[in-house]
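Listed below are the structures to be examined.
Next come two complexes built around chain A: one with chain B, the other with chain C.
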Partner chain A sequence: MGNCLNTPTADDISLLRGSDSQDGSETANLGPPPPYQESVPIYHPSPNVSRTVTQLTEEEQIKIAKRLGLIQHLPTGVHDGCCKKTKECVICMGEFILGDRLRYLPCMHSFHKDCIDDWLMRSFTCPSCMEPVDAALLTTYETNN
Partner chain B sequence: MASMEKRLQKELQALQRDPPVGVKVDTDKLTSNLSEWTVNLTGAPGTLYEGENFVLHFKFGSRYPFDSPQVIFGGANIPVHPHVYSNGHICLSILTEDWSPALSVQSVCLSIVSMLSSCKEKKRPPDNAIYVKTCSKNPKKTRWWYHDDQV
Partner chain C sequence: AELNKHPVEGFSAGLIDDDDIYHWEVLIIGPPDTPFEGGFFKAHLTFPKDYPLKPPKLRFVTDIWHPNIDKTGDVCISILHEPGEDKYGYERPEERWLPIHTVETIMVSVISMLTDPNDESPANIDAAKEWRENKSEFRKRVARCVRKSQES
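Our next item is the complex of A and B:
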């Protein structure tokens, strides 16, 4: 199968900045170039399991690719400061601040997008009610038809 | 500050502001980055553990709250309970496969107090002798069989 997982890419902006300082004054201070480092993304096919791409079995790669696809179907939004809604993200225990990016699960629980996406890659359940998200997704599709 | 430390900071504040009955964080034993906690538990009144004091050790990895903490009983008094091994390891599903990032130090402590409270007979797990001889130091490495949720 093809590799549909993200691979680390260079940060373009930092490359641009490096090319600005060509006036000679800084080159004297340059020591040996820093060792090449690549931040390897870590995947969690299940909770408490951490692997790099090369350590994943084909089965786990398929599971992760499917999971990434399903997560994209879950609605997101921006916190509008409405006080009737949940005030706090139970994952980071931080308050929702105006403009925070949120993700909403079919069970109506909402979280910071970054917080819940990190969890959903490990376990496709709602942290608050433990409802399996895929089952709930299917139910919403059925009721919409 | 790492996200794990930020969240633990919030948990600590909440626990100190509003501590549940029978649960007290030993703030003298907190490590600087909050990765290890000691919590004192007191057996609930009207239960087999009434008035007994226990010590729980928590260890948090950098991926907390996505990964569960390591939680074991320590000190001189390990509760005699069908789900608590004599080395302090606890057979409780929320500590491994049923963990959720919405759980917290407080909810884990309350689950453990309630697990003790519902006990009808003080005894060790049937496989205690063999388990404590062969287990890893880290209870999260044990493959637990959660067979009985009556106690």
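Our next item is the complex of A and C:
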């Protein structure tokens, strides 16, 4: 079967950096500052729960750290106009434009990276086919090994 | 937030104030062959700032008697519940809110809720009890709401 996925680039650490940047003093030697953020990142460990990093319970922190780790294992790429099938991101309903950063889920659905990453932190399911991403990730590992 | 407008049978939707895209008013026509037939029910959809990652809230402003609409008019259906894993495993994540829902898909769910109430998770316990045990009284009460909705 044809595959027009871009090979994943080096692990994207911007997510991790985003969560580290809570503590201003430690980010000093991490290179350039993280991109502008509206305010302190808010996490949604479970439905109807919104917390900043300092308000998270230990259990929630572990859950979020695991989630961030898993998300970073999902391939990313830049829209090069080759995938004729998907033309728009179903989350923001915006068309994919040449150069947009995309993320691909194991079920082969693709979205703007920023749109899907925000979503996956809330629910680890593909918005298009509702496939749980963790189960799909495991299947991918199994078929690859 | 991008919200689309498509004409769909059974309801119409628009902004309450043209300068505020987060507040919509929808007019739902009571579906045929249900006790709600003939009614014109007004409801307000309120979108959160982080839509479409979070669902909007839907509240009927016209009086309505239904097992899944509480007495203040708030609609309780699973697709309007915040996403994520539910500790109690009560609803699977895929039954909850998904960012691909639109005003149109929400309204389709609401119309199907009117046609087919879910009495397993009632928001209005009295209405659910009546719907289950005393259908004729339920219909009478809904008919009163329908008549009232036609006057305004």
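Throughout what follows, the second predicted complex is superposed on the first by the 103 of 145 C-alpha atoms of A that agree within 3 Å, B and C clash if a C-alpha of one lies under 4 Å from a C-alpha of the other, contacts with A are read in each partner's own complex, and residues count from 1 in each chain.
Note that a residue touches a chain if its C-beta (ideal position, glycine included) is under 8 Å from a C-beta of that chain, and two chains touch if they have at least 3 such contacts.
Quick caveat: nothing in here was measured; it's all calculated off a predicted structure.
*Asks:* Here chain A is shared; do chain B and chain C fit on it together or clash?
*Replies:* Taken together on chain A, chain C would clash with chain B, as the superposition shows.
*Asks:* Return first, second, both or neither, reflecting whether A:Asp134 touches chain B, chain C, both chains, or no partner chain.
*Replies:* In the superposition, A:Asp134 contacts neither chain B nor chain C.
*Asks:* What is the contact status of A:Ile91 with respect to chain B (first) and chain C (second): first, second, both, or neither?
*Replies:* In the superposed model, A:Ile91 contacts both chain B and chain C.
*Asks:* Once the shared chain is lined up, is A:Thr125 touching chain B (first), chain C (second), both, or neither of them?
*Replies:* A:Thr125 sits against chain B and chain C alike.
*Asks:* State whether A:Asp100 touches chain B only (first), chain C only (second), both chains, or neither.
*Replies:* Touch status of A:Asp100: no partner.
*Asks:* Considering only the contact definition stated at the top, list the common interface residues of chain A for chain B and chain C.
*Replies:* In chain A, residues 44, 47-48, 90-94, 115, 118-119, 122, 125, 127-128, 130 are touched by chain B and also by chain C.
*Asks:* Note which residues of chain B are touching chain A in the complex, please.
*Replies:* It is residues 3, 6-7, 10-11, 63, 65-68, 96-102, 104, 140 of chain B that touch chain A.
*Asks:* Taking the complex as given, what residues does chain A use to touch chain C?
*Replies:* Chain A residues touching chain C: 44-48, 90-94, 115, 118-119, 122-125, 127-128, 130, 132.
*Asks:* Which of the residues in chain C come into contact with chain A in the complex?
*Replies:* 2, 4, 52-54, 81-87, 93-94, 96, 98-100
*Asks:* Please name which positions on chain A make contact with chain B in the complex.
*Replies:* 44, 47-48, 50, 90-94, 115, 118-119, 122, 125, 127-128, 130
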